[in-house]
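This structure is in structure tokens; I'll ask about it shortly.
Chain IDs A, B, C and D follow the sequence of writing; residue 1 opens each chain.
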Amino acid sequence: MIPPPAFLFLAVLLFGLGVLAFFVKKDLLTQFMAVEIMLNAGNLAFLSLAKAFGRAEGQALVLFVITVAAAEAVVGLAIIVVVFRQRRSLRTDELKDLKG
Amino acid sequence: MSAFASALPLVSLVTFLPLAGAVLLVFIRGESLKAVRAAALAVSLLTFALSLFLFFGFDGASGLPEFVERASWLGRGLDYHVGVDGLSLFLVLLAAFLTPIALLSSWRAVGDRVKEFSVFMLLLETGMIGVFVSLNLFLFYVFWEAMLIPMYFLIGIWGGPRRVYATMKFVLFTMFGSLLMLVGVFVLHAAHHQATGGYSLAIADLAGLALSPALQTWLFLGFGLAFAIKVPLFPLHTWLPDAHVEAPTAASVLLAAVLLKMGAYGFLRLGLPLFPLAAASFAPALSVLAAVGIVYGGLMALIQKDMKSLVAYSSVSHMGLVMLAVFSLNFEATEGAIYQMLNHGLSTGALFLCVGILYERTHTRKIADHGGAAARMPVFAGIFLVVMLSSAGLPGLNGFAGEILCFFGVFAANKALAAVSVTTVILSAAYLLWLYRRVLLGPLKDPGDPRLRDLDKRELAYLVPIIVLIVFMGLFPGVFLRKLDASVSRYLDAVKTPAAATLGLAPAPERGQTAENRAELER
Amino acid sequence: MAWAVFIVLSVLCVGAVAAMIVSRNQAHNALFLVLAFASLGGLFGLLDAPFAAAVQVLVYAGAIMVLFLFAIMMFNLRRPAPREKKTLRAALAAGLGTVLFVELVLAARKALAGSVPTGAPGGIEGLGRLLFTDYLYAFEITSLLILAALVGALALAGKKEDA
Amino acid sequence: MAEAFWLIPLIPGAGALVLLLFGSRMPRRWVSWQSTLAVLASFVLSAAGFARLVRAGPDAPALAKTLLPWIASGSFVAEFAFSFDRLSAVMALVVTGVGLLIHVYSVGYMAGDKAYARYFAYLNLFMFFMLVLVTASDIVLMFIGWEGVGLCSYLLIGFWFDRPAAAKAGLKAFVVNRVGDAAFIVGLLFLLTAVGDPSFAAINAAPAAGLVGPGLATLAAVLLFVGATGKSAQIPLYVWLPDAMEGPTPVSALIHAATMVTAGVYMVSRLGGLFAASPAASAVVAWTGGLTAVFAATVALVQTDIKRVLAYSTISQIGYMFLGCGVGACAAGMFHLFTHAFFKSLLFLAAGSVIHALGGEQDMRRMGGLRKRLPVTFPAFLVGAMAIAGVPFLSGFFSKDAILTSAFAGGHYVLYGLGLAGAVLTAFYVFRMVFLTFYGEPRAAGAHPRVRESPPVMTVPLVILAALSALAGLAGLPVLLGGRADLFGRFLEGVVVRTAHRLAASSEVLLILAAAASALAGIYLAFVFYRGSPALPARSAARFPRLYRLLTGKYYVDEAYEAAIVRPLVRGAELVYRRFDLEVVDGALNASAAAARGAGQGLNTVQSGLLRDYALAFLLGVVIFLGALLL
């Protein structure tokens, strides 16, 4: 029986790595993957807390997060495809169109 | 009829039918202009037909809102709560009456993105009617803001060459005002909660709050600024000429006829009854501004070189009289103000239609480019004349009935301001008839111009109803005024009693009350 | 036994993510990510959430990552991603990241403060009951969300004739 | 039939509506018959009502009829209420009678015009409003007629709207009238708030009942009278009337001579109770009238356009009427209104006949010698001229004498002097017109061989009017000839206010002789100037060049108004528009917009457009938020 706090610590660690990855990487696609890691860290946290409190709500939420993540991934990738078509690049230090 | 009327949520139907129509339009193929136009017109006509049930079903004896519908919506007092009373009934009718006319008038003028245009027009109608029927402050605010959006697009997309500037100015002015109003809404919500422990933004509940004079002052300033900009009250008027000049005819019509009324309506529905003490202390200053606006607008109209900005400044002048009457706080002035709002809606709307008709033919709004059109367009000249005389307040037409009541009421409140306001009789005749002379009379500017043809059936179809109404409202104002009586005296009670009580005055026997008695006796 | 599994899976997961940070090949990154997700699935299983574990493996490690791989193939990037430079921004991000990490740890401790270790949070049956009673609306709405995402993605990335 | 008196205005009104809507598709003959018959019907009804009033005796109440409520709100109540008393009867008879003749005349005069139906529609519409004005029983309803006739005047002055001068004159008429009307409305408001009932009966009774004090009465009366100076073309608002001659001549005869312009006199007579309560207001009326009478007559001396002479003459004659009303002899004023309606419309119609014959020529310097060639027009014109000049035993002689006698009897000697001087001037300019037009050698246009008399449809009304001009005076013979002689005055007794002054018979005879002498003196002078020694006018003009220029320039009143009122107003408005609307208000707006833009640009440097920076900001936010949650 592994105590939930261990899982929770793992979740925090993964989230931190996700943040790190997001800021270190410079191509849109990998940054997007970093976001997915953060989402999964969240999931892990939900599940460990569900375990800790013995309640199923956390598990239900994880399902929703996964569905939303799937939807998000689809749209996000579509956007990345469009960006790539127009700019021929995915380097976020080259994409400056958000500047007003 | 009454059974039918009571069985239906009539007010909601009238309010949201245009919205439903707009949704419906989205599914019509935009290429078939005819279908789009016909559908939009049909929806707006149906709305008008339904609004007539409101008119005929309206009793008006109690002075309370009728056809009330109430449902909880967002909770915490943010309810869906609508209904009409004497103050709002005719403004709803006005909006419902003019929307089909505006749509019909744009059949030739708007050939580009007709579907979107029609959708925005219908959305605008829902917004306008929604403002008038709202009995909940939050709902009022939602409609008030929502209405801005279609107007923004109508001017911004189908407007004239300087439309971007005009829309920015329009939006900046009005947003500035309405943001302050939003703050006021929050404060009122909190104040009500503090006073009663419950949550409500029903206007009637808020009117019952005895707010401290200081709070009233701040709230009145917040709300008043929003309304004054909309009216527009001098010196906050400069967005109006620009917006009008750049707006397409249909938008100008609704802007002048209905949107400007919202400012005055705001004062009547909210500004004065909710904050009577502040209103009483600000009324003299606002009256002076209104009176200045009458003369100022008139003089500015005199020197405009663009037909539309001339009419726009005439609105400043006319609405100045309405506001002056509103701030006079007596029975005749208030009824006169409401009636004059309708008159102004009709006659100024029609003036914009007439200007639009000329513009469609000549593609110029500069007065100097016109001349002598009456020779080619006799029917148009006649209709323009009637509209103009209505706007100038010729006795027997609608403008006079409202004007004389306003004068009378204002005179009872302040003789000097009344004398100032009467100059509108001179100024309106001067700028309108001068416009008429320069545009329609005199020798024909370009005898070979083939575009100057007289009105066709479609144009007659939307102008003739206005003319008929102008004459009818001039000869039989009682049909309309009697439906106002009870609501107006109720409103005046709300406005005047607290003020009198605080100032230690006995509630003096109002001339309005005796008059009301008389009206009841006659009934 | 459980501890061994936990440690192996944790190391795999953290290691995969770390490798992803170091690697500059997108395809490799994606594969690392598959590995991380798969091991997370295992961890979910350890947490008495078999259904979540299955979904994690199927949807995440399977479907979503395949999507990523397709995208990467479409771009067909020849040149590797550029080398990262250490800038002020990176320092700032690192600092903030550390603070966030500490905060998260604190938050986690706080979250667990009131926990009473009980048994399993209920099996698949309990989860299903929950989904179709309390979370029915949310559940139905997610279906709409997915539909919207589908349409949105098509509208965005689909070939336009005139564009 | 008399009960249906409220149909008097409505019949021409309905006729006008039909003509306005369908006139352009009707045959001309139909248009002429319909419009004329409508007026005839009103005339017959008026006559019936008149007969009823005569039969009913002086103390019988007026016929009254309330059709519908109109505007009612609070204490403001106005109704469509008509009444028909003796004063209304006189006015209605004059309006419908003269109107009928002018309709007939117009059939001939306008025969060639394109917009025939429009013309008659306007004419019928005018009859409608004018009759509303005279039969309204409350002052607010009267205001419908009051403004309505102004509208018709505007429409008919600008009837040939493609002529710039006509369009301009119409505009001027309407706006100047509106200036008066604004004062009228203020006066109205004073009265309505004080009296609380807009009916004339209530207003006239109010001073006696103590509802209206002397100060208020003066204020209200003067304000209403300012309205009358607009409508009735008195100083200072007379300026529109000479320009109004741009309209068709029958219109000038009907509206700008016989009926509409006398509405002010009618109003003052109608509100006699109010004016009588304020000696100051009455004095204002009398002095305005007296001064206008002389002032306009002096301008008429040198005008060369035949219609303009008549226009100034109208202004001057209405001045006499106000003079009469102001000195408390409204009956005399009304009597002059009555006779003036005949001889002035006669003069206009005859002038119109001349103009018609000369193909549109209006300049008397280009006429002359038409005596033989216009065998009906000339005698008619002559009768009219003698009547207005006050040649003894014609109508104008009696009516003018009645006014002057009243002024003298009331002790207003200066006003009497003004009136007498005006009478000399009147006789002079009218006969100047006669001599220039009909005598001497044919000049320019007058020499044209195609000049011939107008058709009977035009000359018959002339003959009828000439007969009336000659004989109408018999209705109001001087009291000198016995108490029963003044039929007109006795008819109106009890309806209009009259301050009775008894004069010795001898002084009354002297006054009559003075009046006759002044008329004859004027005629003689005109003969000397324009028949006796034809070089004299030019010589006197050269002798007094300043005076001459002042008169031909019409005292430069138009120019003064333009320079003192219109131009400063327009210039000032333009200045304010540029300085205030465009600079201050919009400037403030633009400045705030610029400030917002500047602030935006300042903040914009933070916006690198780089995803990472936004994410960093986001991260910062999360850190702060989480930190706050934890604390």
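The definition used in the following text is that contacts are C-beta pairs under 8 Å (C-beta built on N, C-alpha and C of every residue); 3 or more make two chains touch, one makes a residue touch a chain.
Since we're looking at a predicted model, the values are computed, not measured.
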Query - Between A-C and A-D, the pair joined by more C-beta contacts - result: A-C
Query raised in the report: In terms of Cα-based centroids, which chain occupies the most central position?
Result: B
Query raised in the report: For subunit A and subunit B, what's the span in angstrom between their mean Cα positions?
Result: 53
Query raised in the report: Distance-wise, how many Å sit between the C-alpha centres of subunit A and subunit D, to the nearest whole number?
Result: 89
Query raised in the report: For subunit A and subunit C, what's the span in angstrom between their mean Cα positions?
Result: 5
**Report entry** Separation of subunit B from subunit C, taking each centre as the mean of its C-alpha atoms, in whole Å
**Finding:** 57
Query raised in the report: What positions in subunit C touch 2 or more of the other chains?
Result: 89, 93, 97, 100, 104
Query raised in the report: If you look at subunit A, which of its residues touch at least two other chains?
Result: 19, 23, 26
Query - Residues of subunit B engaged with two or more neighbouring chains - result: none
Report task. Using the contact rule from the top, write out all pairs of chains that touch. Result -> A-C, A-D, B-D, C-D
Report summary line: Per the touch rule, the subunit D residues reaching subunit B in their complex are 20, 24, 68-76, 118, 140, 143-144, 146-148, 151, 154, 158, 161-164, 167-168, 170-171, 174-175, 178-179, 181-182, 185-186, 189-190, 192-193, 569-570, 572-574, 576-577, 580-581, 584-586, 589, 593
Query raised in the report: Considering the complex alone, what residue numbers of subunit A touch subunit D?
Result: 19, 22-23, 26, 28, 31, 92-93, 95-100
Query raised in the report: Inside the complex, what are the residues of subunit C that reach subunit A?
Result: 2-3, 6, 10, 13-14, 17-18, 20-21, 26, 29-30, 33, 36-37, 40, 43-44, 46-49, 51-52, 55-56, 59-60, 63-64, 67-68, 71-72, 74-75, 77, 81-82, 84, 89-90, 93-94, 97, 100-101, 104-105, 108-109, 111-112, 115-122, 126-127, 130-131, 134-135, 138-139, 142, 145-146, 148-150, 152-154, 156-157
Requested in this report: Provide the residue numbers of subunit A that touch subunit C in the complex, in ascending order.
Outcome: 1-21, 23-27, 29-30, 32-33, 36-37, 40, 43-45, 47-60, 62-64, 66-75, 77-82, 84, 90-91
Report task. Sort out for me which residues of subunit B touch subunit D in the complex. Result -> 168-169, 172-173, 235-239, 296, 299-300, 302-303, 330-332, 335-336, 372, 374-375, 378, 382, 389, 394-396, 400-401, 404-405, 407-409, 411-412, 418-419, 422-423, 425-426, 429-430, 433-434, 436-437, 440-444, 475-478, 481, 485, 511-512, 514-516, 519
